[in-house]
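Input: one structure, supplied below.
Each chain gets a letter, A, B, C and D, in the order it is written, and its residues are counted from 1.
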Amino acid sequence: MDFSLTPSLVALQERTRTFVNDIVIPRERDPRRAQHGPSDDLRRELVGHARDAGLLSPQLPRELGGLGLSYVEKAVVFEAAGYSMLGPVALNCAAPDEGNMHLLDAVATPEQKERWLRPMAAGETRSCFCMTEPHPGAGSDPSLMKTTAVKDGDDFVINGRKWLITGADGAAFTIIMARTIIDGEDVGATMFVADLPTSGFRIDRELVTLDSSFTGGHAEILLENVRVPASDILGQIGQGFRNAQVRLVPARLTHCMRWLGAARRAHDIAADYARKREAFGAVIAAHQGIGFMLADNEIDLHTARIGIWHTAWLLDQGERAGLESSMLKVYCSEAVWRVVDRCVQILGGMGVTGDTEVERIFRDIRAFRIYDGPSEVHRWNIARKLNKAAA
Amino acid sequence: MDFSLTPSLVALQERTRTFVNDIVIPRERDPRRAQHGPSDDLRRELVGHARDAGLLSPQLPRELGGLGLSYVEKAVVFEAAGYSMLGPVALNCAAPDEGNMHLLDAVATPEQKERWLRPMAAGETRSCFCMTEPHPGAGSDPSLMKTTAVKDGDDFVINGRKWLITGADGAAFTIIMARTIIDGEDVGATMFVADLPTSGFRIDRELVTLDSSFTGGHAEILLENVRVPASDILGQIGQGFRNAQVRLVPARLTHCMRWLGAARRAHDIAADYARKREAFGAVIAAHQGIGFMLADNEIDLHTARIGIWHTAWLLDQGERAGLESSMLKVYCSEAVWRVVDRCVQILGGMGVTGDTEVERIFRDIRAFRIYDGPSEVHRWNIARKLNKAAA
Amino acid sequence: MDFSLTPSLVALQERTRTFVNDIVIPRERDPRRAQHGPSDDLRRELVGHARDAGLLSPQLPRELGGLGLSYVEKAVVFEAAGYSMLGPVALNCAAPDEGNMHLLDAVATPEQKERWLRPMAAGETRSCFCMTEPHPGAGSDPSLMKTTAVKDGDDFVINGRKWLITGADGAAFTIIMARTIIDGEDVGATMFVADLPTSGFRIDRELVTLDSSFTGGHAEILLENVRVPASDILGQIGQGFRNAQVRLVPARLTHCMRWLGAARRAHDIAADYARKREAFGAVIAAHQGIGFMLADNEIDLHTARIGIWHTAWLLDQGERAGLESSMLKVYCSEAVWRVVDRCVQILGGMGVTGDTEVERIFRDIRAFRIYDGPSEVHRWNIARKLNKAAA
Amino acid sequence: MDFSLTPSLVALQERTRTFVNDIVIPRERDPRRAQHGPSDDLRRELVGHARDAGLLSPQLPRELGGLGLSYVEKAVVFEAAGYSMLGPVALNCAAPDEGNMHLLDAVATPEQKERWLRPMAAGETRSCFCMTEPHPGAGSDPSLMKTTAVKDGDDFVINGRKWLITGADGAAFTIIMARTIIDGEDVGATMFVADLPTSGFRIDRELVTLDSSFTGGHAEILLENVRVPASDILGQIGQGFRNAQVRLVPARLTHCMRWLGAARRAHDIAADYARKREAFGAVIAAHQGIGFMLADNEIDLHTARIGIWHTAWLLDQGERAGLESSMLKVYCSEAVWRVVDRCVQILGGMGVTGDTEVERIFRDIRAFRIYDGPSEVHRWNIARKLNKAAA
């Protein structure tokens, strides 16, 4: 057993931290950081700095300009990047692009990779992933998918409604998941890629959301006769859910990594405040009521980090790690939530103002207990896996 | 023992509910409901409807146009009003005005009441309460107050900085708490009233805050040589903290009442959704994971309500109820928080969007664990009271 | 609304407290208090004292020698009695006898009452209630009942296995719940009464249990051709589950009352210790870490008490209060558990020794989250009731 | 980074599991397993089997007959041993002997090791550790120590009172911590070793305790003029607290390892039951309410295990790991508590009976949140370390 980080990984961690502190954090108050994450202008500026620092798209293979990081290495670097909500944007490892790049790298054809992955790897483009649908469509239960892709000659014609589509505004292309109908028969879900803008793909409305750091925000999308040639299918027809798993299991863990960094940031801000703010005769960090919260934060962050490393290592060993990544997703999403909620409480009145990044992190991080599988769905899946294994 | 509501109270509760459902809730999507609560225009429209319905300022004595409600009656009516975040605004029983009116009614001179209370009772004016200061001034520990009022002839000249001042923008007057210096001697904190605008009172900035339902938002205030004549002192010189207690103990309980209504609203929205939204073969309310959350919501709401009623009854008996109101504030603020957080979770992706009121209630209600005494300060006060009583 | 206790109730509360302090608590170290509650000798001694004090069977009608208490009055007196685990034994209001007496009073014939209820009301006899069965029989789900009563002439012949039967050892009679077979047809569950000892009723074994305060302990019972004449049926044939509800809804609430007293006792012991035990420069009650626990205890006890009073009042109004009693059972059983667990923690090493009553209360109280419906079954019932009401 | 276990460690884990399943668990119902752990007879029988299996004292150096395990290896083997409460007794790695052997190995002279460590390493003797004192002496705050050792010629004469002394009954020797007085001057705490029985060392009483698995139980000890020659001092005079740290930091982690095994055992029993016990139309594991508990158990066990491994690895690197071991102690003691409490709940009525080992584990494991530093003391230490590090 070995928990040590290699010297080169420590160096990369340090470089990432320096980059975030020196380049990214100073831009958090940039007015181009709007209601829905950074403007494309600010995003490109950040990406440019990351490129100069040799930190762009570190998770991608070297032939795509990345650093070819393993999952364990990603755990370390993504946490460091996540220390600012703008950090993953700068390093081009934010959701949903990071997951989409991973998916393309895993299942796209060489031609598809050149067309969609390479420019995105370079930080030139963004993308979105059209899977979730409004009630009564596919949410936590993807089997309820209502969107259809009907074969029409060599094309597929897609109709449906998607929502909570992150980053649709400004995306260069989209991956669309749809039930596929060939000759009147439902052959299962398939992933299609469509350049944007494209005829029939319409942002019906931008959603007002609790969070505000995802580039491009979240939109409701209307798909009206979107025509996609068969050559732009991602993977195989009817393999959409299998592909989704390729994307989701690691994506859920990379979310943990980034949010861990954000929670650590909130903790550092709150702890720093607690060591300066006086009340009732001492700095509040010296009162046990606050001290215990700081200790609990540290415990939550510590256990989440070690757990992430373990599951990352499993993925590096080529294991599917479905059970472990579910457990870590539940644990981590709830642990970082506890941490950030305590930070708000420690900051008192300041905690509910935008005077520190904690207020934004608090709003941003809430949804992590919901997306990539709500805690309830994961708990149920874990139980069923355990019951099945015991049978 | 008797938990029954009188027929007239039940009728008033019903009238309030009908008013909120028919008049208030339809205006929740009014564009005049901006980032910082309703515009003055919308507020006046709502107040007008409440006046027509005979529901304006129900907590005030009849000679001021109110309904002369007891605390128990307030518990019932304020909960019903709080079912919409705009309800207390309409009924003119929202914070901070409700507390300020209570304070003026309790300690102001007849002339002061005519000047400041009567117009506010009629819903014509709003007010603010300048007590909290930024670090290193008075927050949870009021003894750290830095703002001073120096006697100068028949006037007092106030200097200092206040923040998290709710409703300052648009207020017709302010109550200012300041350490009072007479002939170079600190004679304790005093409350001063100043009409707004007034020379030297400046809104330094509007704060960006997590919540968005308080009329006028929250501001940081600069007080530079604000001159207040001695006749505009509220209560006695040096009795500021005593007056603050007159305001705070009931204000903390009326907050519980209103937030209970808001939490019930969130619960109704989430429960309604859970009974319609299908996933994994049934509506999600029929899955135990969600069902248990609905049950826990109901338990939290129920116990909070009964507890509020009890403390309200104690206040109606003329008791100070300092211990009980502290306990209820902690319990209720944490119970409604649990409820609303569960509602977000039940709603899933929709919970973090503005598509329902739950997202707003979630943001609005977080601060209740902090203001009027953070849970930590109350817990510590409760412990000290118990220890002292046992000594 | 009125939360006041009548002067006569306050006087009765005071008398009960005095009795518990002066007569009962001194006997807690009596060696006749064995592994399974007090010996019959000790029980009779305690009952005698309660009779002398005019406190025996206070929940029963005056014609049976009781005080004819309402539910609200029971709430006050049972809490006072519960302050010692021996208190309800002394007052003859402990489980399962209290529930059995309530059931007999509600559904027995005059002859049955004379035969079984009157001697028990006088504290001369004890009883047991044979309902729960071992796996795969009736537990939380009573529909799984395996015990049968087959009509044979004017008698019924009962066969089956019951367990967790509290107080079987030493009981003068038992109530047995069994599926009833007449002419080969299952006509539903029926309650039978059988004097003990009786042929075919055998205590197969005494269970080793976490708790140790229930008189007679808990046993596994073998029923082999127990013959009961039709005249000894309690209520109507096939109405067993309906009768069980008559017993269970109030029994669940009277449990809350008694356990609240026990939790208050634990809290008083822990708080007293915390105000004497020094560590790190002060008594530990003066450290916030312990102070917060004391405050949380007080909040839990307070909210549980008010909630119990409310449901008791509903029962006094003749309401069924099924939803409220379920909510209170969950809330109260979990609140008192939190309290007693905190008490163990506050006492530190002493908390896990028998040097204080807290260790016993901790063991005794754990099962309350399980019997009379586990929290999980109640939560599910609450959810279903709410869903049904909303439908 | 590497989370893999070496093949030899996996083999040792497997051998330990087999040993526990085949040899130890069948003896859990042995009547010689009394109120206070196994009788010496049963202990020797178990130790003999472990010796035969090559598993005795695996944590000790090979020259003492052990397997020379690293901390990571201990983590794996101790968890496997802890799967039965008798497992660590069999392997001679139970508290307090395991910690005492570690201490002797670290600080004793070669002569002392021959005299006290070697026979204990062979499983022939047991020991106790006299540190904790009753109120108002040394508990969580060791600075309150009242026991004194006064130099008298070449000897020290010890007087005082100790309690919660585990394993005193039957111990071959004891380590005594006492404030040391030389020529009237307090020179700090020192550790003394005394063979038992010895004049003046008296077991004042056996404590009744919640737990029942520690060999020899827990006693209150009276020390009256216990005379110890200077040669029997362990380590240096005045270095008692430093030595205690040598013992406590690893002892706290080895406790985590063993309790993790016990919690896993409880979970396996409860999960197995949940997959067989039917209620409401399905096995209860198939109801989400129970399923979520099983999932939470798995998450708690998983995160605790990974965290233990990490701190064990730090110790193997020669780090002091004071912060990490404190964090893990708090996390692990609370996580295993949650697990076992859920197991009781899942088992329902059976959970509070001795019909499964869960009831015993529940009683045994409660104290782990208290000894080796209560959660509250650790949280406070963690906070202070963090505050200090940030200063």
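Please note the rule applied: a contact is a pair of C-beta atoms (placed from the backbone, for glycine too) under 8 Å apart; a residue touches a chain by one contact, two chains touch by 3 or more.
Predicted model only: the values in this text are computed from it and were never measured.
Visitor: Between A-D and A-C, which chain pair is linked by the larger number of C-beta contacts?
Guide: Spelling it out, more C-beta pairs touch across A-D than across the other pair.
Visitor: Suppose each chain is reduced to the average of its Cα coordinates; what separation in Å results between chain A and chain B?
Guide: About 37 Å, centre to centre.
Visitor: How many angstrom lie between the centres of chain A and chain C, each centre taken as the mean Cα position?
Guide: Computed value for the inter-centroid distance: 52 Å.
Visitor: Where the centres are mean C-alpha positions, what is the separation of chain A from chain D, in Å?
Guide: 43
Visitor: Would you mind listing the residues of chain C that make contact with two or more other chains?
Guide: 287-290, 292, 376, 379-380
Visitor: Looking at which chains touch, is this a line, ring, star, complete or other?
Guide: Contact pattern: complete, every chain touching every other.
Visitor: Under the touch definition given earlier, write down the residues of chain A that touch chain C in their complex.
Guide: Those in contact with chain C are residues 287-289, 292.
Visitor: Could you please specify the touching residues of chain B with respect to chain A in the complex?
Guide: Touch list, chain B to chain A: 132, 135-136, 139-141, 144, 163-164, 207-211, 218, 276-280, 287, 289-290, 344-345, 348-355, 359, 362-363, 366-367, 369-371, 374-376, 379-380.
Visitor: Touching residues of chain C toward chain B in the complex: what are they?
Guide: Against chain B, the touching part of chain C is residues 1-5, 72, 271-272, 275, 285-286, 288, 290-292, 294-296, 298-299, 302-303, 306-307, 309-310, 313-314, 317, 324, 327, 330-331, 376, 378-380, 382-384, 386-387, 390-391.
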